[in-house]
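Both complexes below contain subunit A, partnered by subunit B and then by subunit C.
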Partner chain A sequence: MMTKARRVYSIPYVLWLLLFVIAPVLLIVYQSFIGMDGSYTLDNYKTYFASSTYLRMTFNSVLYAFLITLIVLVISYPAAYILNKTKHKQLWLMLIILPTWVNLLLKAYAFIGIFSMHGSVNHFLEFIGIGPKQLLFTDFSFIFVAAYIEIPFMIMPIFNALEEMNPSFISASVDLGANAWQTFWQVIFPLSLNGVKSGVQAVFIPSLSLFMLTRLIGGNRVITLGTAIEEHFMVTQNWGMGSTIGVVLIIAMLAIMLVTGEKKKKRRRAN
Partner chain B sequence: MKKKINWPNIYLFFVFILLYLPIFYLIFYSFNSGGNMNHFSGFTLENYQAVFEDKRLIGIVLNTFLLAFLSALLATMIGVFGAMMIYYTKKRQARNTLLSFNNILMVSPDVIIGASFLIFFTFLGIRLGFSSVLLSHVAFSIPIVVLMVLPKLQEMNDSMIDAAKDLGANAWTVISKVIIPSITPGIIAGYFMAFTYSLDDFAVTFFVTGNGFSTLSVEIYSRARQGISLEINALSALLFLFSLFLVIGYYFISQSNMSKKQRRLRKQHEEVAHIL
Partner chain C sequence: MAQNIITFHNVRKEYDDQVVLKDVSFEIEQGKFYTLLGPSGCGKTTILRLIAGFIEANQGDIRLEGKKVNDIPANKRKVNTVFQDYALFPHLNVFDNVAFGLRIKKLPKKQIEQKVKDVLRMVQLSGFEEREISEMSGGQRQRVAIARALANEPEVLLLDEPLSALDLKLRKDMQYELRELQQRLGITFIFVTHDQEEALAMSDEIFILNKGEIVQSGTPVDIYDEPINRFVADFIGESNIVKGKMVDDYLVEFVGKKFECVDGGMGKNESVEVVLRPEDIQITSPEKGKMHVTVDTQLFRGVHYEIVCLDEEGNEWVVHSTRKATEGAHVGLFFEPEDIHVMRFGESEEEFDARLESYEEEQEG
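Our next item is the complex of A and B:
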């Protein structure tokens, strides 16, 4: 009786799995073997691996993502650690999460104002005697804004890992004579490593694909894998090449997931 | 005696400043009569007036909310049954495989989802517009609903279902009278997350939206590419207020969703907080 009902109510979910999870992945792989003229070909991959532009772009994209992740981690770990010790920490955590609910585009838009030639940062630089600098449309501004946007997504998993940790380990460590430094490096940090890993995953993968930031803040000077895909799909209409870069991005994503372990958690505020 | 400086709190304070400064910067200049974000010339509400007079913008805002409302509703319905299907898959291996497939869309970069959906819709001949955007939003919101509902199913007392069956309830009665009521907090949380996912999405929508239909994110993107317009600032201030309400709502939902184990752990943490 139960199984029959189960078969009925499972239908939409199974359809979703087939149509929106499995089919799109297969289609993007299929499309990567289609040339501009619509025939089956390996040309897209040949072009990709023969062209120094594509390879350099991929390398740069990974390098940017790495730098962004590193900066975000260095800022976020202490913040999560301190946050876990505060009173009313759930309230403070909500305040960390709140900026992620503000539309990403609006945050990027704010930085167009802040970093612009006559914007606040340049006013300040002028004031302290350095003089105005070109800030918008540079590598620096791209990395800064990307890091700004990703910070909450790193703080959350680290905070959760620290919070889930059994506090008696800390008491035990202190009772056994470890000083604060030893307790941190040998007990707390290893136990929070899972959070760090999910955080790295949640920051690194989107950093490879943030095309709106490279457009608005990087001013087309920074090209990431995401930008290249968007360019091929929406501007040059070369879907085959776009899909090929997409396959490269999927492989990069699988690699980073392999390195950071089995954790499959999404960025955003799902905690 | 000199008072000890509390470095950790100062650090935290700076992180908060960093996180909120750009947002308040936007809101501050929304009251600027000067027309740019460089120099504050004087206080005005003109920009807000402009938002409410901009018929196109208001239409897009309404579209965006309608889209979020509908996509979250559909995603919640499919997701709840999906979670039940995963929960009642008793073979461990099969269940883990299902869960991995469920999570594919959660870890995939937005561009990949957008590009592959675009290929998919073109392949099927579905016209790009409201329907393609709605389908995409439903599709990428389903996994989070499943993840929000599944723990509630695991917490559910299975003997209640046996009792209902023994008392003669059929499968649909069991679902509607026993299962659904006991997982309601998870369903609400799932709907909530799906709603905000839809509201926030830019990249996927950008790929599958076509010409006729636009959401708020896409509209902001195209306006921001043209430069500064304080109308956007005013809009962002209004949206920030809205997010504030959502966050407060989410806070209460997550508080009531907290399990006993989490509460106990939280108490223990407070006890050892002073040691380090």
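Our next item is the complex of A and C:
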């Protein structure tokens, strides 16, 4: 009885998964084996792995995603930690989440305004006597804006992990003689690692395929796999090649999820 | 000579204007099993947390081994805690949990291994070193928590309702084990509970708390036999409590009759309360009884029948008997003079103790 009802209820979800997740992925995989002339071929993959441009692009994507994730993590962990200790933490968290409600493009255009030659930052630099600098269309501005956009997605899971932590773990650690520093590194941090992993997934994976920002903020100086895919689908119309890069991205994401995912660890004693 | 290992002197604790501990003073001797007993919110856990150092007193002195520790942080105190929810670190296995405190102290590896092995044997968990905490049952976790605390060789072990999450059978077993462990180790245990049976079974000394004050302290037998007031009598075991009048020393009047008793040192015709424990009352024939009642209801409790009787004035008398009674029957209740316990209204513990001493001397002399 129960299972029958459950099966009925699951229909919309299964349909959704089939139509919007499985089918597109299969299409991309299929598409990646189609050459420019419409025949089945491995040429796309050959081109990809033989081309130093594509490989450098892949390397760049991973490097930038890594940098963005690292910066976001370094900012978000302390932020989530402090946030968790404040009195009105739900309110502060709300304020941090609020910018995610604003459309990505709008935020990108806002930053163009802020970073442009006549923007507020350069006004300020001029005021303190440094003089205007080229800020827009640099690696710095790309990473800065990407990090800004991704921070809430890192803070949330870390905040949740910290908030859910049983406070008696901390009491126990102190009771057993640990000082605040030891308690943090031996109890609090390891116990919040799952939040960190979720955060890394939520930031690293989208960062791999950022393409709007590379164009608007990075001024196409930073070309990532996301940019390449967009280019192949929209400009060169080489869907096969675009799909191939897509497959590479999907595999990279799966790898990240495997690395950061929860493992049923069977650890040896640490001695 | 047993020395005082912990002293509280007029310790006061407030949370946002709410006083949870009202100028509490007591001494705890080395090597005994103490129980802080009271209903929830009475301040018993607050005392434990003050000793452990998790919270600070607003006023008063807390001394450990004669040294004032008010400003010494928890990680520098030679006490360890067994938490109510055990607080075992889920990211560490049994060995690493028990070794946590020893590693913080930076003991050599060999010594840590030996020590962990020893304490795990002590709590009968040898061979469980590699287990994850999630793989342990409730009773086993309890033992790991005790082992983790004991590994640090504390002077005082604090136990915060550690048995409350276990089922009845396991709880009884652990009561024996904890008592045995304490006697073997010879260190001071301070045990917090709201379960009076647990307190009576395990303790050398019980502190009964209510509303942030220690109402009465003493050995389990003292407290059971000589409750200071209605609250203690009610909290420790079941009691029949009626209003009475002290006609003279060793003569008390209640339910309209005068009874011989063993209490004295009160004013003539002073209003008092009288306690009779259900197990001290026997049901006999109306002729032999000191009081006449009607059996109202009875319940079979396994070890005994719980028989509720009503006297002519409508007072309820609960009797525990291994023999069955007949509902509706007129019976007599019999009790010895020493079964009657008289309580004065608003008597403090000092006054109570002083009075007991004065007339005990009188009786002996």
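Everything below uses one rule, namely that the second predicted complex is superposed on the first by the 248 of 271 C-alpha atoms of A that agree within 3 Å, B and C clash if a C-alpha of one lies under 4 Å from a C-alpha of the other, contacts with A are read in each partner's own complex, and residues count from 1 in each chain.
We take it that a residue touches a chain if its C-beta (ideal position, glycine included) is under 8 Å from a C-beta of that chain, and two chains touch if they have at least 3 such contacts.
All figures in this text were calculated on a predicted structure; none of them were measured in a lab.
Undergrad: When the two structures are overlaid on chain A, which partner does A:D37 contact: first (subunit B), second (subunit C), both, or neither?
TA: In the superposition, A:D37 touches no partner, neither subunit B nor subunit C.
Undergrad: Applying the document's definition of touch, where does A:A110 land relative to subunit B and subunit C: first, second, both, or neither?
TA: Touch partner of A:A110: subunit B, not subunit C.
Undergrad: Using the superposition on chain A described above, determine whether A:S171 touches subunit B (first), subunit C (second), both, or neither.
TA: Once the two structures are laid over each other on A, A:S171 reaches both partners.
Undergrad: Quick check on the superposed pair: does A:L17 touch subunit B, subunit C, both, or neither? Answer first, second, both or neither.
TA: In the superposition, A:L17 touches subunit B alone.
Undergrad: On subunit A, which partner's contacts cover more residues, subunit B's or subunit C's?
TA: Of subunit B and subunit C, the partner in contact with more residues of subunit A is B.
Undergrad: First (subunit B), second (subunit C), both or neither: which does A:A5 touch?
TA: first
Undergrad: Could you say whether A:P190 touches subunit B, subunit C, both of them, or neither, answering first, second, both or neither?
TA: It touches subunit C, and subunit B stays clear.
Undergrad: Counting only touches as set out at the top, which of subunit B and subunit C does A:N179 meet: first, second, both, neither?
TA: Second partner only, subunit C.
Undergrad: Both subunit B and subunit C touch subunit A; at which residues?
TA: The overlap between the subunit B and subunit C interfaces on subunit A comprises residues 166, 168, 171, 174, 269-270.
Undergrad: Applying the document's contact rule, which stretches of subunit B touch subunit A when the two form their complex?
TA: Residues 8-9, 11-12, 15-16, 18-20, 22-23, 25-26, 29, 36-39, 77-79, 81-82, 84-85, 88, 100-113, 115-120, 123, 135, 139, 142-144, 147-148, 165, 170-172, 174-175, 193, 196-197, 199-200, 202-203, 206-207, 216-217, 220-221, 224-225, 227-228, 232, 236, 239-240, 243-244, 246-247, 250-251, 255, 265-266, 268-273, 275-276 of subunit B touch subunit A in their complex.
Undergrad: Using the touch definition from the top, list the residues of subunit A that touch subunit B in their complex.
TA: Residues of subunit A touching subunit B: 1-2, 4-6, 9-10, 12-14, 16-17, 19-25, 27-28, 31, 75, 78-79, 82-87, 90-92, 94-99, 101-114, 116, 118-120, 123, 148, 151-152, 163-164, 166-168, 170-171, 174, 180, 183-184, 201, 205-206, 208-209, 211-212, 215-216, 225-226, 229-230, 233-234, 239, 242-243, 246, 249-250, 253, 257, 264-266, 268-270.
Undergrad: Spell out the residues on subunit A that touch subunit C in their complex, using ranges where they run on.
TA: Residues of subunit A touching subunit C: 166, 168-169, 171-179, 182, 186-187, 190-191, 193, 267, 269-271.
Undergrad: Over in the complex, which subunit C residues touch subunit A? Could you list them?
TA: Residues 52-54, 73-76, 79-81, 83-85, 87-91, 93, 95-96, 100-101, 104-105, 109, 113, 129-130, 148-149, 152 of subunit C touch subunit A in their complex.
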